[in-house]
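Quick one: this structure, given as structure tokens, is what I'll be asking you about.
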Amino acid sequence: MSKGRLEAFSDGVLAIIITIMVLELTVPHEPTIEALLGLWPVFISYVLSFVYVGIYWNNHHHLFQAVKVVDGRVLWANLHLLFWLSLFPFATAWMGENHFAAVPVAVYGFAALMAAVAYYLLVRALIRCQPEGTVLRRAIGSDTKGKISPLVYAAAIPIALLPIPYAPLVSFAMFVAVALIWVVPDVRIERTLRA
Amino acid sequence: MSKGRLEAFSDGVLAIIITIMVLELTVPHEPTIEALLGLWPVFISYVLSFVYVGIYWNNHHHLFQAVKVVDGRVLWANLHLLFWLSLFPFATAWMGENHFAAVPVAVYGFAALMAAVAYYLLVRALIRCQPEGTVLRRAIGSDTKGKISPLVYAAAIPIALLPIPYAPLVSFAMFVAVALIWVVPDVRIERTLRA
Amino acid sequence: MSKGRLEAFSDGVLAIIITIMVLELTVPHEPTIEALLGLWPVFISYVLSFVYVGIYWNNHHHLFQAVKVVDGRVLWANLHLLFWLSLFPFATAWMGENHFAAVPVAVYGFAALMAAVAYYLLVRALIRCQPEGTVLRRAIGSDTKGKISPLVYAAAIPIALLPIPYAPLVSFAMFVAVALIWVVPDVRIERTLRA
Amino acid sequence: MSKGRLEAFSDGVLAIIITIMVLELTVPHEPTIEALLGLWPVFISYVLSFVYVGIYWNNHHHLFQAVKVVDGRVLWANLHLLFWLSLFPFATAWMGENHFAAVPVAVYGFAALMAAVAYYLLVRALIRCQPEGTVLRRAIGSDTKGKISPLVYAAAIPIALLPIPYAPLVSFAMFVAVALIWVVPDVRIERTLRA
């Protein structure tokens, strides 16, 4: 089974997710700087989620460069990933509109965690169906970032719920830190393909 | 006539349908667990419909792997399928927001039934325009699941409307059962293509 | 300049237009048959516009089958067509929510007229930039339907505004009639390509 | 790394941006000409932004015609461009609904400025990763329009905020002027490729 339509469908879903998030930036009624500045928590949340979905698109792109074939299990593993990513617009808006309150930040962390787990399962499903000798396994290598990220998300959930002032902001800072270590593109595969 | 643009357009419409359904998950105003849990019927409906549209995408993908050419009749049979699928966001939201009340569940079953009928008509239109000796006819085989599914939907509609407590939940359970027998991917075509 | 990305972008925009129209089908609050039936004018308008956008997609698909190259003028002629089609969700919702009142029906006719004109201009721009001896000119032929449709839309606009009961419904019936003569797919090009 | 998926993803995002802007054209409740005419500032803003996104799509299309390979830096430069363009629906609606008030017009200018800067950075990133002797550098040439446009946007921001009647309309006229000099398609690359 060829990978072309899976890539096209994933591109479509990711493009829609990344774009409809902006619909949560409700247009203020007054034409003032104050009205605009009142949107900052929603805007910051939007920027974070835009970068997150961008990271997933980049990694998905790199990953499938090294993929030759897909099977039914991969199709569902991919839809499973898209499902959790489709909850990002909801989690982003809830977190932003409530100015990083504890529960919405924890829920955002949960969505991020589940997406990371789904990505891991997609990688396993892909490795399983490639013919022997493909570059995919070598290309992925030790995948340190892929192992650290879900741990950070898992830690951020209880931290957000701690009865301590600003605890959810610590969790938010952890999300930002994960984004930063990923924006450096996933050069592992690129390097292996080139070698 | 080549099948490329038909696949691309269908991927686009299915990607949008599967993604805009999440817009019906209205962001609650309070940042509490209770507010989140209040969304469970809408969320469960969303999960079901996400899986349904995913099934259609997977089956569409498998089906067109075995297709060589399309004609005008196929284009319209495909648009007819997309039309009924485009009503899923509406039916999903109405069912979820009304906590699986009788009429919305019956309407959901009607949309599912019409989509199944439209898929059947698409398969017929495709078989009709393929040159002799293509794998499509053999690949589809007896299509037991494709025949059972619309029967289940057709039965679920009157069941939902029975004046018995929890009757609509029985219909909903029937929808879930159909989803489960389909998530096992449509390996029939895959197997024939491989043979 | 290759036509691939122009087709992909047009497919994307048409897929979004055809799908977001369903968002205007507002989910009713009550789970009753009456609440559902109250949506009939919006639903009928949605069906008509779904078919219209489907016709444009089909014709666009057929047209570009016979096209070899595109130039800058074609890119803008294509965007011009997409602009008028992008107003269909607005015109559809306004017409449906006002139960086919005079002004919204006239505005719908205006949008349909402008889209037809834009399609005609796109065809001219395409013919102009094809190398000699391509099948496009022969394929399009006399294009009777393409000439009748805008005339019908142009006539439907003043008819909708006549101070006579049910006059807008006559215009609506004219829109339906045009849709019907087009659903028979644009076989002219198909035939020429085959010959 | 091939450019195909980057083009497909960008097409998807641009198609969604250009189409969801029309959702800001809120359907009026009354079926009257007056209600329709009351939408003119939102409509005019929509037309301007439709043309702007169309220009970016055309230029993106031309630019990538001359591109052979992309790298991780290009992926992020492209996402950066899409980010600023994704704010156009917000800026457009805010400007239109407030009848071209000072602050929203200035914010629109800021979004336009940042998108122009992001496009410039994307061009730099592309030139950097092309192999020697590609047509890209020659194709881009002196890029006078690409240098003038951000200057005009940068000037339009303080002008909109001047405490003078109609100052924001002068800025708006500057946006329209930039659009007009770009609609003439980006023939520079086309010409070089042909030569």
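Every chain is named by a letter (A, B, C and D) in the order it is written, and numbering of its residues begins at 1.
Heads up, the rule we're going with is that a residue touches a chain if its C-beta (ideal position, glycine included) is under 8 Å from a C-beta of that chain, and two chains touch if they have at least 3 such contacts.
These numbers come from a predicted model, not from an experiment.
Undergrad: Farthest chain from chain A, going by the mean of C-alpha atoms per chain?
TA: It is C whose centre lies farthest from that of chain A.
Undergrad: Looking only at residue numbers at the chain C/chain D interface, is the share used by both copies over half or under half? Answer same or different.
TA: different
Undergrad: Which integer distance in Å separates the CA centroid of chain A from that of chain C?
TA: 37
Undergrad: Centre to centre, by mean C-alpha position, how many angstrom separate chain B and chain C?
TA: 26
Undergrad: Give me the residue numbers in chain C that touch at least two other chains, ranges are fine.
TA: Within chain C, the residues that touch at least two other chains are 8, 12, 15-16, 20, 23.
Undergrad: Provide the residue numbers of chain A that touch chain B in the complex, in ascending order.
TA: Within the complex, chain A contacts chain B at residues 1-2, 5-6, 8-9, 12-13, 15-17, 20, 23-24, 71-73, 75-76, 79, 82-83, 86-87, 89-90, 93-94, 97-98, 101-104, 107.
Undergrad: What residues on chain D touch chain C, complex-wise?
TA: Listed in rising order, the residues are 7-8, 11-12, 14-16, 18-20, 22-23, 25, 27-33, 36, 47, 50, 54, 57-58, 61-62, 65, 183-187, 190.
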